[in-house]
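Quick one: the structure is below, questions incoming.
Order of writing sets the labels: A, B and C. Residues in every chain begin at 1.
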Amino acid sequence: MTADPFKKALLRVLQYAMAIGLMVYSGFPIYYMMVSSVRPPQEFLKTNALIPTKISWDFYRTLTSRTDFVQQFMNSFIVAFGTVAITIVVSIVIAYIVARYKVRGKTIIVGLMLYAYMFPPLFLAIPLVSIFAQLGLTDTLVSVIVAHVTISLPLGVWFLWGFFKAMPFELEEAAMVDGCTRAAAFLRVVLPLSLPGIITVGTFSFLLSWSDYTFAVVLLSSDSVKTIPLGLASLLGTYDFRWGEVMAGATLVALPLFLLFTLFSRYFIAGMAAGALKG
Amino acid sequence: MHKNGAKALLTRRQLFAAGAAVGAATLYAPYVKAQSKARIRLMNTETAIPNVEAFKEIAAAYNKASGVELIVDNVEVEDSLTKLSASMRSGNPYDMSVLGFIGDVLLLADQDFLVPVDDLVAKYEWGPRILFPYKGHTWWYPYDYNFCVTWYRKDLYAKSGLKVPTNRNEFLANAEKLNSDSMNGCMYPTGNTSATQWMTSGFFFAEGVNFLDDDLKVVLDQGDNKSKAVETLDYFNKLYQFMPAGMSQAAWAQALGQFANQQVAHAPYSARMIDNLAANAPDLADQVGLFPYYSSSGDTASVGFGYDGFVILNTPQAEESRKFMAWFADNMYIRWLQAAPLAMQPARLDVYEDKRWLEIPMIQKYKGVMDELRAMIGKDSSVQITSLDTQGKEPNIQAAKIYGSRIYNEMLQSVTLKQRSSAEAVDVAAQQMRKLIG
Amino acid sequence: MTLDWRLRISLIAGLIVVAAFIVLPAIQAILLSFEGTDSFVVPATWVGLANFERVLVMPEFWRDLGTGLTYAIVTVCLQLVLGTIFALILNVPLKGQALFRGVAILPYVVPTVVVAISFQWMLDGNIGLITQIVRNLGLGRLIWSDDPWIALMTVTLISVWMWTPFVTTCVLAGLQTIPDNLYAAARVDGAGPWSRFWHVTFPGLRSVLIVVIIMRGIWMFNKFDIIWLMTRGGPLGATEHLPILSYSMAFRQYDIGGGAAVATLSFLILSAFVALFIHLFPLQEK
């Protein structure tokens, strides 16, 4: 079809151009943020230079030596990973049941989950405090994990429901005819095939949890359990002027995640192209 | 199948019963839960790094002095009431809190969540209009005034041969003179944050505009209030043409940034302006002066008012909290103010004579600035200390509601952005305020 | 197929979690809207429908509903279109694909407060980078926050920038499940790229897209933080939608009952839209 080598080369160039365009679009504001974070404090607002001439680590120094940034970073990671683990397991089970079994009123059950998104989070968060207090979980990372699961679970269930639904039932049946139990058929056939979906759910549970401010501010109080968004907000303050430190903090937040997602992308989504559905 | 159905039904009913019980039990958790150890939990809403560090020091010192553990949680000021409510609902309420909105204090006092601090306050002499007595008691222990004034550049004034203004028209002329291609005459935020209230309402109060009367009726559009308000809006609109673009987006950070950046010749702020300049543009810090908001005649002046203080909550630890407060007042009040020595202008008058305070390097260095600010709370000062939320004969929630709404902000915006007539803007605002406070 | 007991138990467990942590707080929020209260802590007086009567005659409520719908619909549509295009770009095997994908998700990773500051700064009326570029291009002075319409457009575009990676990643995952032999068959039938997209890719993405639209629709309708941080509903209420109105009433003007009434009405309206959408585009074929 595109046998013409010139046409083929042109297509390649075009594809790269689009990919690079997308990279600039997505990455530029973040690049700008990173460049600002290494500006010397005195020049912070004076220049818009996109290539730093003088690099200063002052903001980073303030951030790491005078705030609990490192601790907050760890807390955010614990909460986000906890959220991801619970969300993935529970949403796979519920979504699979909903997609494959006849259960009365299942649409309503799954529909109810969407309530978590339909209210302003603060109105949900404040009553949640009472519930966690009854459970003895006040001011703990666990309470935030549970709260985050309430927002990531509906996402997981709905998304995987769609995913399982799109998957031909015949594949499982074929495996079961071959002597697999239903559980084995699920583990060997459905799970690997839905890996891109599961990874996607994991990614977004991670990010929901990672960026949440509302639940964290209501549920967490002690400095020792605070997460990054809380740390950045109190660092920013309302009346002070700490944009430089905030940019530095954001850079430190974005970099490891960027590396993580770059690696993830290589392992999972790309690897799926050779999946069993090819057959 | 039939059996299964019955079981499912039972499960559902049990579930419902369990859910209802949990629901009833948890929705209104008891407010007070006993705390056994001598531990005071304090919510700090001054989250700037030096303030957080100050409290670490204070907590350590108090533990050493009394054996009582002081736990300080730092919460962004705009979340303070939310966080306090949440702490109460968790059955583990804060014993003390730093608060910066008088509305929050009144609300908590009304609901019996505060204990009065009359005796603690009585030990010292205080500046004017800072104690906010309410229902016959003092409910908080104030620490600063946070006056918002206009900052100018002495070097620019000298270069252009300008005099420090003594009425608002002179200020307008100065702003016009210093307005050039490379620099704007002044900046005053008009956006929807409370920076707008704090930084611009001084123009109205200096001119003698009342938004509420003593009976808490909206009088903005009545009598000579209206003509004064209209004139002030017209004046503000004139000033607006010398401001940089984007005032409807500006707030605290822009005021500090644009002045430090030499983008504007005048900018409003508290003396935190100097703290910020010293850190980010040290050359400028020595070149700045201040003046209040003046009336058209110059006979009266006003400053933006941004008080802060401590409250003691009505918890089982209230007695411990009072002991801490007394100790803090005698030993650590100044250490606390030192976190931002210029921004946190003392509310207590003895501090101005206290050696510990006078020896703070920033206070020594900028003595002149502090003297001017001190004079504003002096006995013979003609400077009015008012803000939108402290209108009325005594503290009230109505004024706080007006302050918390965006009616005032939109009054400025409708004149500066929409070129609506000032008279119309005042009428609309007055009507909206009436509707709001009922 | 019927459930065995293990699955039944997991479903019931899931249900309890949903009831305790989602439905219960939601019920309390609805209850608040029938109460006249300025506190989340003290038991309040029941005022019946008074809060609703008060809210429904507020012109702001209807204006904000319109703004919110506009904002939600425009942001969701743009995110869908851009997200699908981006996913298709990122699905082409290129050198450095992992890097391209990593960068493409970045906007979603950065805390909202930082996005707000960065854009405020890049859009500053004088020294802002974007402002300067626009001026140098001879397009005049861009003062985004002064013009109600441009302000709404700006927060819309920033929201799109921030949340498109969600759609991109979902669609990218969905693309992996479309069997290659369908494309091969289409090629044999002589279908061009467009025709392949419409007849193979698009139907293959159907269920993913339905879920994405529901999720994003609800989220964007309730999106609060980016607008609050950028404009707080200004100028002159141009970017104020129901979540901002509800928050301002409950947490700035000490009117929790009124704020809860706005939240409840907003919830009812949103539920109606979601129900309609699910009815029109069922995930579960009948």
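In this text, contacts are C-beta pairs under 8 Å (C-beta built on N, C-alpha and C of every residue); 3 or more make two chains touch, one makes a residue touch a chain.
Just so it is clear, the structure is predicted and the values come from calculations on it, not from any experiment.
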{"item": "Pairwise touch network: line, ring, star, complete, or other", "value": "complete"}
{"item": "Chain pair, B-C or A-C, that carries the greater number of C-beta contacts", "value": "A-C"}
{"item": "Identity of the chain that, by mean CA position, is farthest from subunit A", "value": "B"}
{"item": "Rounded Å distance between subunit A and subunit B, as computed from the means of their C-alpha atoms", "value": "37"}
{"item": "Averaged-CA centre spacing for the pair subunit C and subunit B, given as whole angstrom", "value": "33"}
{"item": "Between subunit A and subunit C, centroid-to-centroid distance (C-alpha), Å", "value": "15"}
{"item": "Residues within subunit A bordering two or more other chains", "value": "45, 122, 125-127, 131, 233, 236, 243"}
{"item": "Subunit C, residues touching no fewer than two other chains", "value": "15, 20, 23-24, 28, 40, 127, 251"}
{"item": "Two or more partner chains touched - positions in subunit B", "value": "22, 26-28, 82, 85-86, 89, 261"}
{"item": "Touch list for subunit C against partner subunit A, complex", "value": "1-3, 7, 10-11, 14-15, 17-18, 20-26, 28-29, 32, 40, 86, 89-90, 92, 94, 96-115, 117-119, 121-122, 127, 129, 132, 161, 165-166, 169-170, 172-174, 176-177, 179-181, 187, 204, 206-208, 210-211, 214-215, 218-219, 222, 224-225, 243, 246-247, 250-251, 259-260, 263, 266-267, 270-271, 274, 278, 283-284"}
{"item": "Subunit C - residues contacting subunit B, complex", "value": "12, 15-16, 19-20, 23-24, 27-28, 31, 38-43, 120, 123-127, 141, 143-147, 231-237, 248, 251-255"}
{"item": "Subunit B-touching residues of subunit A, taken from the complex the two chains share", "value": "41-42, 44-46, 62, 66-67, 122, 125-127, 129-134, 138-139, 217-219, 221-223, 233-243"}
{"item": "Subunit A residues touching subunit C - in the complex, by the definition given at the top", "value": "1, 15-16, 18-19, 22-23, 25-27, 29-30, 32-33, 36, 45, 48, 90, 93-94, 97, 100-103, 107, 109, 111-128, 131, 146-147, 149-150, 153-155, 158-159, 161-163, 165-167, 193-194, 196-197, 199-200, 203-204, 207, 210-211, 213-214, 228-229, 232-233, 236, 243, 246-247, 249-250, 253-254, 257-259, 261-263, 265-266, 269-270, 272-273, 275, 277-279"}
{"item": "Touching residues (chain side subunit B, partner subunit A) in the complex", "value": "22, 25-29, 43, 47-49, 52-53, 71-79, 82-83, 85-87, 89-92, 252-253, 256-257, 260-261, 272, 276, 279-282, 343"}
